[in-house]
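Have a look at these structures, which come just after this line.
Heads up, the next two complexes both have subunit A, just with different partners, subunit B and then subunit C.
Entry: the complex of A and B
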């Protein structure tokens, strides 16, 4: 594959991520039906010898960045980001082995979960997907996560940043508990919090390092505190 | 005006004597924290609010083998469950370290469907979705019993409630943790993320599921003729623009719920469409469904996007607006003057010309008594001038 073709394929990959075209069988978007998606294009690029880090930097990250910008500008909605994240994951399945072999060096590790007592997943998942698409290694602990589990994960991944999500006013106190436990046991761990009822004032009150209004605020925070 | 007259006046987009003020559902866990553990009506009386009587009563059809589930104790706002020999529901407590956990098994001649709910002192949530395989919806379609309203029971209650306030019902959802709107009900059964992705991957399956749910709701709505409900609730927050796009709303929410609204109007009912979460990009689509009222107008500080003033300008002539009050930030932890100022803000932005009912933008789990007093008192002071100026 010549350089021009590589660049074009990377741009197509970015478009597939941005528009949520996971693989050739994806019905969405209609105008890309039958064409290769993120999965096939990533495989093609790897087979052509394109370094995995370049695929990440020039295909996946720009794709997620563009959809993120549109989301922030309220030009697209949650389903569009979900589709983009799914396309990114289809590509990431091919790249993950290179993370493990360190052929790709991530910007850092982000541990995220919804605090105990709260089973809301979608907002937390969006943050996880966007952060991963920004070049971070993401450990998604899921929902209803007890403080001790966050602590255990942080201890096994020194330098990690933690994100806490809560959707209910009734579970916001559990966010306070989780931050307190994290700050007591691993005081240097940066913690960002978010979720519908959470405010910057609440984040400050409970001792969190930051509040994220949307997934991209989380990315900005991560790049500020720990990203390369 | 009586509370009922005041609320109905606003629902019909006319100008009442003063700002009608009420709440959404009152959580039993909250009422238990108040002195004397009041009932909802006692709560409304205590604070001088315009009352709502939530009432959901259905009647089994013995001719179709229907009977009340003897093992079901309805929760607050829940109707007694109706089952048949082909739709038996078993509940089993499951040991769990943190939460009350109950596994429900719905036995039908073809398959047993299961779901798991968990709850704490405040709320309940779904821990395991009922629809696991696509074919599960065929089982639901075949065996889920239709429901009809017990009109006589509604009317008896309405008569005893009198002018104290309005009687409000809810379009019934699925038998376990059901929700009023077709999309909202489907989201609970399938999981919202899976439902959204299915819209793109298998839209016909989503349409089939929505049609199954709509059919049952439509039967119930048709049975309302003669019922003295003042308001029927439909909708749900999973159809808000913080969860789905206007495109999905237009194709997968509006057609099913609009048809229920039309049916409700034929039965002589008013409908409030409940949409907690983002609402602003959906205003035109919502009004096109022709509900009589819209709620909850969740403010941005609570994760919504409501701009009451802009919404009033855009849709105030077509629909009654309910909600918009930020209960998280003005029912706890502030000076009563700030609560009063928030009431004034809502009134100034949405009250002009009537057609607005002040209410918290959904449930609240805690509130301080002086702030509730300030909320109600300030609203009562928001009077309309004789000429109908807000």
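Entry: the complex of A and C
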């Protein structure tokens, strides 16, 4: 493949991710039916000898970035983001071996969980998926997570960044406790908090480093504070 | 006391009613689920609409939705500026809701839920590698709980009409400035595990797809659009929405 063709294919790959076109057989989006999807294009690029890190940086991540911008502008909604993530996933199946062989390195580790006393899963799960799609290693500790579990996880992954989620005002105090424990035991760990009732003011009063209204705020925060 | 007319009577005790809802009774509407996922009318991509149809089909045998109300004892309801006292329990509803409940004779506490069976299915989905289906199921579960809440409100309206009474809209802790911590007081007014719903220590209702609240009944009360003008919660998802509107 010539460089021009490679660049064009990377752009098509970015479009496939943005528009949620996973592979040739996927029926979505309607106007791309029958065309190659993220899966085929990634394979093509690898066969042409394009370095996996370039496929990630110039195809997949820009695609996820664009859908993110549209989400923030309310032009698209959560399902569209998930369709994009699905396309990204289809491509990643080809790239995963290179992560293992360290031909690509992730940007760093993000540990996320819903604080103890709170059982709401879906918000933090979406954050985890988008962050993963932006090239981070993500550890999702689930719901009802005790502060000690966050601490243990941070200790086993030095340099990790933590995200906390809560759904109700009555579980927000547990966010405060969790931040306090983290700041006491691993003071250098950056912490971002989010969830429906959480506000930037609350984040500031409990000593969190940032508040995020949506998954992309977590991605921006991660790029600011952590990773390689 | 001979000769002194008694007012035709409402029963002096509590009235409790629970309903187990058939899937069909919920009359779930596609466009409301699409809207909950963010899409304005008829703008959801076909893959999303098809996904909703699939989830509805799949979850039908797993929905054991229920709703019910406890119509509290009459004569023991006292209204304050920012609170309401019922059966000796003082609910700090805040001024917005207290104003909407002014003039009520009795208060009903209600619960509505998509039920445990749905909850278990939904939890299983969370571990499967298809997040789109999970998110759609989430919206469907929320809509089931909402519909069950609408049904309990409609039922109470019909029941109240038999007593010659009207009903207010429904109001929930965690909305309109009513602190969520009052859930505990609200649940103390209900029989244990009412409609299968319980409260955790952090006042999280389980199953998660559940709604709680109060509805007032009285001879001269009305069902109002939420009075959002005086409410500071500018980010509320119900702001200026008509009760029950999609």
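In this text, the second predicted complex is superposed on the first by the 226 of 228 C-alpha atoms of A that agree within 3 Å, B and C clash if a C-alpha of one lies under 4 Å from a C-alpha of the other, contacts with A are read in each partner's own complex, and residues count from 1 in each chain.
Throughout what follows, a residue touches a chain if its C-beta (ideal position, glycine included) is under 8 Å from a C-beta of that chain, and two chains touch if they have at least 3 such contacts.
Keep in mind that this is a model prediction, so the values were computed, not measured.
Engineer: Aligned on subunit A, subunit B and subunit C: do they clash or fit?
Structural biologist: clash
Engineer: Does the superposition put A:82 against subunit B (first), subunit C (second), both, or neither?
Structural biologist: After superposing on A, A:82 lies in contact with both subunit B and subunit C.
Engineer: Taking the superposition on A as described, I'd like to know which of subunit B and subunit C A:170 touches: first, second, both or neither.
Structural biologist: both
Engineer: Going by the contact definition given at the top, which residues of subunit A touch subunit B in one complex and subunit C in the other?
Structural biologist: Subunit A residues touching both partners: 20, 27-28, 74, 77-80, 82-83, 86, 117, 119, 121-122, 125, 167-170.
Engineer: Can you list the subunit A residues touching subunit B in their complex?
Structural biologist: Listed in rising order, the residues of subunit A that touch subunit B are 20, 26-28, 74, 76-80, 82-83, 86, 116-117, 119, 121-122, 125, 144, 167-170, 195-197, 199.
Engineer: Report the residues of subunit B in contact with subunit A in the complex, numbered from low to high.
Structural biologist: For this pair, the touching residues of subunit B are 98-99, 118, 120, 122-123, 125-127, 192-193, 196-197, 199-201, 241-246, 248, 281, 301-304, 328-329, 364-366.
Engineer: Taking the touch rule as given, give the residues of subunit C at its contact with subunit A in the complex, in rising order.
Structural biologist: Going through subunit C, the ones touching subunit A are 37-39, 44-48, 51, 126, 131-132, 134-136, 138, 174, 179-181, 183, 200-204, 206, 208.
Engineer: Given the complex with subunit C, which residues does subunit A contribute to the contact?
Structural biologist: 20, 27-30, 74, 77-80, 82-83, 85-86, 117-122, 125-126, 129, 167-171, 174
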